[in-house]
Amino acid sequence: MANSMHYGDYLQLDKILQAQTMESDKQNKSAHDEMLFIIIHQAYELWFKQLLHEADSIMAIMKKPAVNDNSPELQTVVHRLARMTSILKLLVHQIDIMETMTPMDFLDFRDMLRPASGFQSWQFKLLEAKLGLKYAHRHGQEYYISQLRQPQIDAIQLAEKEVSLVELLNQWLERMPFFDEKENWKNYKTVTSPEKNKHPFWVDYRNIYIQSLADPEKNNQQFYDEVFETETSSEGRQLSPKANRAALFIMLYRGYPMLQLPFQILNYLLEIDEQLSTWRYRHMSMVHRMIGTRIGTGGSSGRDYLRGALEKHSIFSEIARLTSFLIERRRLPQLSPEMERRLGFVSPPTP
Amino acid sequence: MANSMHYGDYLQLDKILQAQTMESDKQNKSAHDEMLFIIIHQAYELWFKQLLHEADSIMAIMKKPAVNDNSPELQTVVHRLARMTSILKLLVHQIDIMETMTPMDFLDFRDMLRPASGFQSWQFKLLEAKLGLKYAHRHGQEYYISQLRQPQIDAIQLAEKEVSLVELLNQWLERMPFFDEKENWKNYKTVTSPEKNKHPFWVDYRNIYIQSLADPEKNNQQFYDEVFETETSSEGRQLSPKANRAALFIMLYRGYPMLQLPFQILNYLLEIDEQLSTWRYRHMSMVHRMIGTRIGTGGSSGRDYLRGALEKHSIFSEIARLTSFLIERRRLPQLSPEMERRLGFVSPPTP
Amino acid sequence: MANSMHYGDYLQLDKILQAQTMESDKQNKSAHDEMLFIIIHQAYELWFKQLLHEADSIMAIMKKPAVNDNSPELQTVVHRLARMTSILKLLVHQIDIMETMTPMDFLDFRDMLRPASGFQSWQFKLLEAKLGLKYAHRHGQEYYISQLRQPQIDAIQLAEKEVSLVELLNQWLERMPFFDEKENWKNYKTVTSPEKNKHPFWVDYRNIYIQSLADPEKNNQQFYDEVFETETSSEGRQLSPKANRAALFIMLYRGYPMLQLPFQILNYLLEIDEQLSTWRYRHMSMVHRMIGTRIGTGGSSGRDYLRGALEKHSIFSEIARLTSFLIERRRLPQLSPEMERRLGFVSPPTP
Amino acid sequence: MANSMHYGDYLQLDKILQAQTMESDKQNKSAHDEMLFIIIHQAYELWFKQLLHEADSIMAIMKKPAVNDNSPELQTVVHRLARMTSILKLLVHQIDIMETMTPMDFLDFRDMLRPASGFQSWQFKLLEAKLGLKYAHRHGQEYYISQLRQPQIDAIQLAEKEVSLVELLNQWLERMPFFDEKENWKNYKTVTSPEKNKHPFWVDYRNIYIQSLADPEKNNQQFYDEVFETETSSEGRQLSPKANRAALFIMLYRGYPMLQLPFQILNYLLEIDEQLSTWRYRHMSMVHRMIGTRIGTGGSSGRDYLRGALEKHSIFSEIARLTSFLIERRRLPQLSPEMERRLGFVSPPTP
């Protein structure tokens, strides 16, 4: 690199700062707020690019045959998920700025934008696809396809076909080794009738859970069995029983060294879902406040689409629902010494 | 006041800081996070008290036979509505802190609280009632009544009977004088067929609006007539046609001196609704994340109640929907000189 | 506009999303976090452009020989100042995201950027100059000049020469008409010895203020006279005595219709200063956390420069200090009926 | 617990909601905003109590002769430090609400509060003392003592005498075992002249660091030796050379399993300092905006005190300054296999 490295060149500000062409100026009906409209959307797209950059790097780590828990990689995954939630919070905050544009000010240039539409933000759809939203679960499938160009549709469909973050999560959870070895079995004295191929820990756990249910919650027992025991995949299911058990185990025993980062990973995934959901909700309210029942610039009745997406586009809901299956800490089965040892460090510091 | 005035006495910190008794301590099952649970709810209740204080003072001003637009009162109303939105934003933010309590940590003391429940926060329900939420529109009516004590139910029902903020808003909007005087009529040259008792401004406006509708929006014409022309009150309607016209007029001509504060009032009411709605949404997500499909401490299936309330408890939605009836600024009818004069100051400064 | 209008074309996303070239990639030492570094700075620059767009439009209005208080213009000024504070709050928030980059991660590519530096952000300096920061009051003058290119220096120096927002504010405040007319004089009964050319209101006010001072505050009397009475301009003074009096009057009687928007203007200017100051403070802390006592990429010892700027770059501090000269509302001089009338609307609504 | 458990009783709302007595009411000069003033300070004190609750629990864990890194305790520390930063962010946000009170509105009741003052918030001073702020380093020592009552002074002085969080941190860092064993030495091939009693890792590290310094940074070498090698305790020093080396090691190799939580601990301590500092800065600005150069209700010239505290009350600055001593990841010494093994888990999962 030459000594001439300069802030403006490095950031390519000639491109960035000359990419705002106001349609209202072209039509000689200058609308002051169109600049805000352009710049806020450009800022959103910059941040979407950053989110994709983080998601790609996380998935690259998780795609390895085995994430090496002794390497910095898991820490890197946690750190970048944390950054993603941080960025998503900013995107929610940005809506505050959009709301400084009143409906009357938007009307000054709104019709000039037709048929362009925010639904044409392919980066956001690509992000959803990479995280794990399948085409079959999208709200308004044909509609969004009709809005995008072929190379963008191709990119999203490719992401839908490739392994998604939620699928990588499933594989990673299934690889959790603790319940595979038979020697662990003997330690669970309280197991009365260990079933074949079923670790006695889970026999215990299921019993305790079922006892904890209040009368109106009794059908949670069937729900428990579907989630943790039934192998047949129900349509749209993303986590296998084995992966669900591992995730629940992480939540229950998160304090053990080996489960600390895995717990943080689960927690950040929930946080990402929540921030995405808050963003969709605030966005829906904002669009409603801006255009009411009028037709959006892309021809959609904006709010209805957004409401539909709000309900259906949750990605890590199978992690979220595990909360229903927790039991109180003081009733947890005591882990076997062997299992405890394996969850720890090589050399705990001596006093 | 004696010279002994002291911060701690003034704030009655002996009461405030000794009002945290942990149920888990009483039962010798000390749960660290119960302190957070108590303190965050107490902080919420303190802020609810402040919101009621502001709402009461705003309503006291608006209850006067005529709000004097030449007095500081309208500015006071704007200022206090702004403060209410500021407080509501903090209450949304507080959910971030609640979310630092994991479901497992909550389980440590959750069962000890039964049957106490957040649904027993009567201050929040009182606030909703004062703003304008009627019993008939509440989600889960009997349920919430069953949770409260008689004096609290009485207070809420009294507020429901008395005139609410949205009703005061209706009266205040109806008092807007500009369209009452006949002398204004002659200035609207473009009126082709002025109907009886209908100001030609609104004849013009309706024509322009209907012309602006795209084909799939054509049924907005009927919607327009219901909102602005039909006197018969539909069930649950809170703003009369006259009040709706005044509110729309304020949105359209907000730049005129006399309409500046009224516009800010409408805007802050929308903001309050939006913050309340965001609060309900985040609260609902947080409860779901915390207890999943389990039964809440008050015996309700928390999330379903909250989802119902989310949809039904919007209070100023009739203001929000006016957005559907705006037209572009450049197509607005030109006001008559007399009306323009009346919207202005006595003595505009000379150059 | 053809029917082909498309979101991506309209936003020129080909430019925006292809303007990230990582220096660490070029050097085959790929550093994941460089993408964040580039994108966050690009987002900052986009928002700086928006802030300049708002500031320019506000100044264009205030440059008119007389801002027409009966037009929507003042409302527009208030609205856009509010938007500027909203954007500045987001810029403060963005620092949270920058802080997800650890010092170690920054080190991976930091040396590759030399000698580029954030001090080369000419848009931010241009904004400061437009608001009213003069070259003479800049911290590290030569330093910042040495960092910029000639066209950028020219643009900033031009802005420093042209009339700034704070100067426009001074002119606008001086135009406030209320104290120019002699007929107002007779109404102030309490005036004992009206001085020549001095409105009796201000004689009254000064007396009341001086009486309100506690003993250790007695030298505020001299300070009062310097601010409100002494015409000789002290070096660096931005508001004349007349403008200071008008601003104080607005703060004292903000409830009167004609003073409501002027009060909001003063308030938002203070808010802008505070957000800029918070931004500088958080930025300084962040740089310290990131590079400690090391030399910044531009060769400066970053934190010291930022600390200097923090103290010196306050722009509207003359408005802020007026707080020192307020008196209690119940002790305010009663305005003359004529003055009250002139502060009001033409036609207050009748009950 | 009886079935009568009720939300209002549990939260002791009778105490909480009846602890607002307005001095302006007593004096028949009702000032609407005094309620806000009381409630916001009460909310602050509630949160201070929560911060103390968290700090106490963290220190109780760290006071144990050896924190067991294989137990959930370290995770608990991290989690509660995270919560403390979350609460501090809310406290910063709360200033936004305080700022909705204008200086004129504050004047309506300000004089009635004398001589009560925010400096009498002993909980905040207690928190500072527990974290590690010693009396000798307080700004305005006598002043703050003069404002507090004896039992409160006693509590703070007790906390100053007892071991503080920063001292516990020092002890915990000193216990880090990795450099104590001689067998690790042989692996550092690059060590040319290992000094007596000095682990070759640190000989290597110091050489690499010194080579990395640019010319104007050369005196950082002396600074390095003071921080990491000189045992003589300079006045006010809180971390020993050994503790500093451990903290630096954690920052450099944070990805290893055993260092992941320790790194998060260091990071949250910096975050706490930064939030406290931001809070002081915003608070200082707010006080300045509210009372200008007038004397505060407690008799202090508020802003000057706060500015002094801002500079001096940083608690974890010795952690912060370690940033100055980092080197690029690609130049880090390669750890010995034995050390790598000891930083890992017992049983990394097999592919």
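In order of appearance the chains are A, B, C and D, and numbering begins at 1 in each one.
Throughout what follows, contacts are C-beta pairs under 8 Å (C-beta built on N, C-alpha and C of every residue); 3 or more make two chains touch, one makes a residue touch a chain.
Predicted model only: the values in this text are computed from it and were never measured.
Asks: For the copies chain B and chain C, give the interface type as same if over half of its residue numbers appear on both sides, and as different if under half do.
Replies: same
Asks: Please flag the chain sitting at the greatest distance from chain B, going by CA centroids.
Replies: Relative to chain B, the chain with the farthest C-alpha centre is D.
Asks: Which integer distance in Å separates the CA centroid of chain A from that of chain D?
Replies: Each chain's C-alpha centroid was found; their separation is 32 Å.
Asks: Two or more other chains in contact with one residue: find those residues in chain B.
Replies: Residue numbers touching two or more other chains: 254.
Asks: Viewed as a graph of touching chains, is the assembly arranged as a line, ring, star, complete set, or other?
Replies: Topology of the interface graph: complete, with all chain pairs in contact.
Asks: Give the list of chain C residues in touch with chain B in this complex.
Replies: Per the touch definition, chain C meets chain B at residues 65-66, 68-73, 75-76, 175-177, 254-258, 260-261, 263, 341-342, 344-351.
Asks: Applying the document's contact rule, which stretches of chain B touch chain A when the two form their complex?
Replies: Checking each residue of chain B against chain A gives 29, 102-104, 107-108, 111, 214, 216-217, 220, 223, 251-252, 254, 267, 270, 274, 277-278, 281-282, 285, 288-295, 320-330.
Asks: Given the complex with chain B, which residues does chain D contribute to the contact?
Replies: Checking each residue of chain D against chain B gives 1, 3, 5-13, 15-21, 23, 26-27, 32, 35-36, 38-39, 41-43, 45-47, 49-50, 53, 57, 79, 82-83, 86-87, 89-90, 93-94, 96-97, 100, 112-123, 149.
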